[in-house]
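Below is a structure I'd like to ask you about.
To keep things simple, chains are lettered A, B, C and D as they appear, and every chain counts its residues starting from 1.
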Amino acid sequence: MSIETNETFRPKIVAFCCNWCSYAGADLAGSSRLSYPADVKIIRVPCSCRVNPMFILRAFEKGADGVILCGCHPGDCHYSTGNYYARRRMTLLFSMLDYIGVENGRTRVEWVSAAEGVKFSATMNEFVEKIRSLGKNVRLGDLRCRS
Amino acid sequence: MITGKKQAELIKEISGVNPLKCMKCGKCSATCPSYNEMDIKPHQFVSYVLNEDIEALMQSESLWKCLSCFACVERCPRDVKPGKLIDAARQLLIRQRGQEYLSPDEVPELLDPEIPQQLLVSAFRRYRR
Amino acid sequence: MQELIKRAKELLADGTVVRVLGWKAGDLPYNPEPAYFAKDTDFADFVYNGFCGANLSKYMIEASKMEGKTLVFLKPCDTYSFNQLLKEHRVEREKAYIIGVGCKGKLDIEKIKALGIKGIQSISGAELTDEAETLTVQTLYGEKTCAYKDAMLERCHVCKGKEHKIYDELLLTSRDTTDADRFAEVARIEGLSPEEKFAFFQKELGKCIRCNACRNVCPACSCRKCVFDSNKFDSSQKANADSFEEKMFHIIRAFHVAGRCTDCGECSRVCPQGIPLHLFNRKFIKDIDEFYGEYQAGEDVDADAPLTSFTFEDVEPSVVSTRS
Amino acid sequence: MQRIGVFVCHCGSNIAATVDVEKVVEIIRQEPGVVHAEDYQYMCSEVGQAKIADAIHEKGLTGIVVCSCSPRMHETTFRKAAERAGLNPYMVEIANIREHCSWIHKDVEEATKKAVILARAAIAKVNLNAPLKPGESRVTKRALIIGGGIAGIQTALDIADAGYEVDIVEKTPSIGGRMSQLDKTFPTLDCSACILTPKMVEASAHEKITIYTYSEVEKVTGFVGDFTVDIRKKARSVDMDKCTGCGVCQEKCPSKKAPSEFNRGLSNRSAIYTPFAQAIPNVPVIDREHCLKFQKGKCGVCAKVCQAGAIDYEQKDEIVTEKYGAIVVATGFDVIKLDNYDEYAYSQSKDVITSLELERIMNAAGPTKGHLERLSDGKAPREMVFIQCVGSRCADDRGKSYCSKICCMYTAKHAMLIRDKYPDVNVTVFYIDVRTPGKNFDEFYRRAVEDFGVNYIKGQVGKVAPQPNGRLLVQASDLLDNRQIKMEADMVVLAAAIEPNPDVRKIATMLTASIDTNNFLTEAHAKLRPVESPTAGVFLSGVCQGPKDIPETVAQAGAAAVKAIGLLAKDKLLTNPCTAHSDELLCNGCSTCANVCPYGAITYEVRQVNDHGIREDRRLAVVNEALCQGCGACTVACPSGAMDLKGFSNRQILAEVDAICQ
């Protein structure tokens, strides 16, 4: 596998953020001017439990290089139990992706509260760095559509 | 010479006890029949393990004063079981002594009318290879 | 086999059931197929032998909608599927008269063929009542034999046990066939490097022709309309257009049945391309067992399913990268 | 295809300094479906909002994308602006190009590129938006309080004072609850009855409050604003309307061997009884298990002596069905059983008692008429020992993992009262930690030590053994002094852990309110919504939610009342339109979705469907939109994709994914 150099490779990263904690955490990162690479694009969902494995696979199919899911910390879910279901679903999905040989650094779940702007920014910086080191996602992409 | 840290790890492993669960209520020391003969009291065992000061525990009088009656194990509200800790320290010490384990041939000379049969059997069970 | 026919006819005659769901002989000696029997004369082609691997529980979804009770023959492993369907309200208990039939392991014609036995005309020794440890195969090239065990489906080597989980009565006795570790192959793959894993699945899934046989036979994949046929996810796929699609299909299929799959092995049995599809389902089962405690779908109708329950202390998804 | 208008906000220089807004407009204008695009200094200003309205009118827009600050900031503003211009508010989507873009990036080219992608994702989503309308449901202006202790009484009074009808359902023959059993209350030592009784009287006299005592909730259906509840009024065998409460029946009743629940079994009561003198209502019940008439068929003394003719042996349980808008759970607590604590000799010696039993002993209306005496021989104790944390903070299954919170304070109270009234009695308290957070609480505990000479020793008691001399040998160790203690005591008082009333599990199930592993009801949010249950319309008052003392209980009761009043004050409830809904042609009826719904919003019904000409009865999931909060847990659990979420549909999210990964 060839890794493109960090200078030229700009990964595509999809971040699913729950409306109540993590999206607000991302807002706080913004209002605190805590930068992270523009490669990260956030999709707002009501709760981490709204994220269907289908969405994650679709992102990879369409060329995403990494997908991260952020939700409220366990115990703090706005809907009380949503993130517990998300945790199980994502654990199994990630394990399966690992099993079929997809680099496990391409997927991540992080619990980020509305007060954790610093954590949000740090997490995104770290995740982008990780994806850059992994290089372009070829194992799960739709190779026809790649330029 | 193994470090205190390593010894503490061994004690936790042998005893299966998590000393962090202790809330320092002292119920173990409350009914310990050997309390007055002990230099380190049952409720203090936990601190010695947490502080990784196992040498002191192994040199203590308490090590040999504990009757293994396990009243402390039975009553501990936090499932910490100080009796198991001291028992583990004892095992550690015995293992250290040239890795010598009790062999069946040694049993007859140990026989003493004062020693309860049960103690011999349980000791044998514990220290044999 | 005769006991089954006799009992089925009795139950039809006394009105307990109005039809029987069983297996009838196919056009080859080794491909019986699920069928309904209603009249005495129907039973002429009724069979029950080592090739009756087909799990009839899924057919009970349709049978539950019909008038009257259906007698269904379920092998021990099939009863797990029936229970799971019962849990999901897909079948009705009152509509089924379940005869739990014994099993001494089911046969895999591909394994027989792989032993070099070709031009098969007839096979004996596949009956449950046969004590024989060998199969005798009459072929165009003369009589051949092979050990029953060597011709068994993979799933029977890792059988969950020969106890029926639900039944009205039992017929025929079973023989234990478990002689392998169910998760050995999954564990082997887990131990490979990412490149090797990817190569393995690329090779296996590259064979997929998206015939949907695995989906159609699966008792857990019993949705009225599959997400891959609906426009709900923009995911309806007509052709096998790129290498990703079969991965997506198989991962999502396995995910949809995770915690519900009883590991009946039908997917792998029917795959015309011989893809070991059970390796996906079993991976999820292994993970569920390890992460959330052992769980066997279909064993207990009242148990909480692993993906619809949780504990506060569940492992974090990062366990995937930290686990050795 | 929608006719989409895109509005890009400069936010002064907040956005415009890093994002080339003109360029964004220029690029976005080319996107399919976009018929209008413009930028403006402050989109949230009146002028900005007017621009949106104008464009809606002039260009016939059906969808709006505003590229601006976080939707958490101004989504409502723009939705309202669109609504005023005649567009459905849910046809507006926000692309967050401030917090998620201009504020975190420095490079203009990069930030502009990202802003375009975020705008594209919002356009892709709005293309699939559908007009949504919040549902409406009516509110029955009546509240149900389950439990008639101090929590339930306070909540009822507060709601009734606001002008709403309230019903209290109490399981026992009288309201009053645990507090009525207490003698004095900390930290001011008022007599419990003196402060509770007026509240009980007030509740019973309140024209808006109906009290159902000796009654239980049998069945609950419906949802927030519109619950229907069956209440079982157990047969009292006494006509409530005729009884004058003279008490003659209780006096004459020949069966006097029933253990008094009110006195914790320390004294006996008659078969026909009111639990205590100040009971409300002051109408007795016949305990049929102990009544000779019911057990042996003959007696009937009470009927003979009742001048009012109120005794009715034929009375049957009665079911009352009533509608409510809000339900408050105030089921309270009990102390745990001490059967598994052999080491404290509770079941061996009459002189080992729980603190609640001591309350009764200390009370003038109690079994000893308020005299502190040993229950074994009636002698006055000289040496008393209190043991803290019996069954609290326990890691094993004998007790509870939590701190019961009230024991430190009531023990200090008991110790102080005893030392005050009987100065010759020595009082020793064995504690693990003394926990006294609360106004004037630590001062109270210090007074027990400093002014009343109560002896506090750190160290849990290991064993209490009855001695041949009738005294109790208490074995403990003083951890601070490093000495083992063996002392003889005349009485030992155990601060037994408290646990939620065992009935709460049944009630929680009926209400689909969640409950934790300790049987405490779960709050909607541990910090921000502590008196609401996750189930809409169900509120929590008192110890059913977690251990509390009286002031905290009363405070929470008031908070629960306010939340209930807030609900009852509304005529109609507007429901969140972003709810789940199930496609009946795809639904398998498998119940998976209902298993993950935290609100019990999904039920099943068998209904005929027409599936492309095939008519058949199917078991189908039905979402109650008044209950659904729109988390989406069910949409992922559903294997067939029948369950989808309005406003965040599968196709909408996938469209965003596609736009971002393009």
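Side notes on the structure shown:
Just so we're on the same page, contacts are C-beta pairs under 8 Å (C-beta built on N, C-alpha and C of every residue); 3 or more make two chains touch, one makes a residue touch a chain.
Note that the coordinates shown come from a computational prediction; the quantities given were computed from them, not determined experimentally.
Each of C-D and A-C has its own count of C-beta contacts, and the greater count is at A-C.
Summarising the inter-chain layout, the chain whose CA centre lies farthest from the centre of subunit A is B. Separation between the centroids of subunit C and subunit D, computed from CA atoms only, is 47 Å. Each chain gets one centre point, the mean of its Cα atoms, and the points for subunit B and subunit C are 54 Å apart. Distance between subunit A and subunit D, defined via averaged C-alpha coordinates, is recorded as 35 Å. Within subunit A, the positions touching two or more other chains are listed as 52-54, 58, 75, 81, 85, 89. Contact of a single residue of subunit D with at least two other chains is seen at positions 596, 637, 650, 654. Annotation for subunit C: residues touching 2 or more other chains are 227, 233, 307-308.
Residue ranges on subunit C touching subunit A, taken from their complex, read 186, 189-190, 192, 194-202, 227, 233, 235, 241-245, 247-248, 251-252, 254-255, 258, 280, 283-284, 287-288, 291-292, 306-308, 310-312, 314-321. Residues of subunit A touching subunit C in their complex: 1, 52-54, 57-58, 60-61, 74-75, 81, 84-85, 87-105, 107-109, 139-144. Across the complex, subunit D is touched by residues 65, 87-90, 222-227, 230-234, 256-257, 260, 304-305, 307-309 of subunit C. Subunit B contributes residues 21, 23-32, 35-36, 41, 43, 71, 75, 77-79 to its touches with subunit D in the complex. Residues 343, 389, 393-396, 398-399, 432-433, 458-463, 475-477, 479, 482, 484-485 of subunit D are the ones touching subunit B in the complex.
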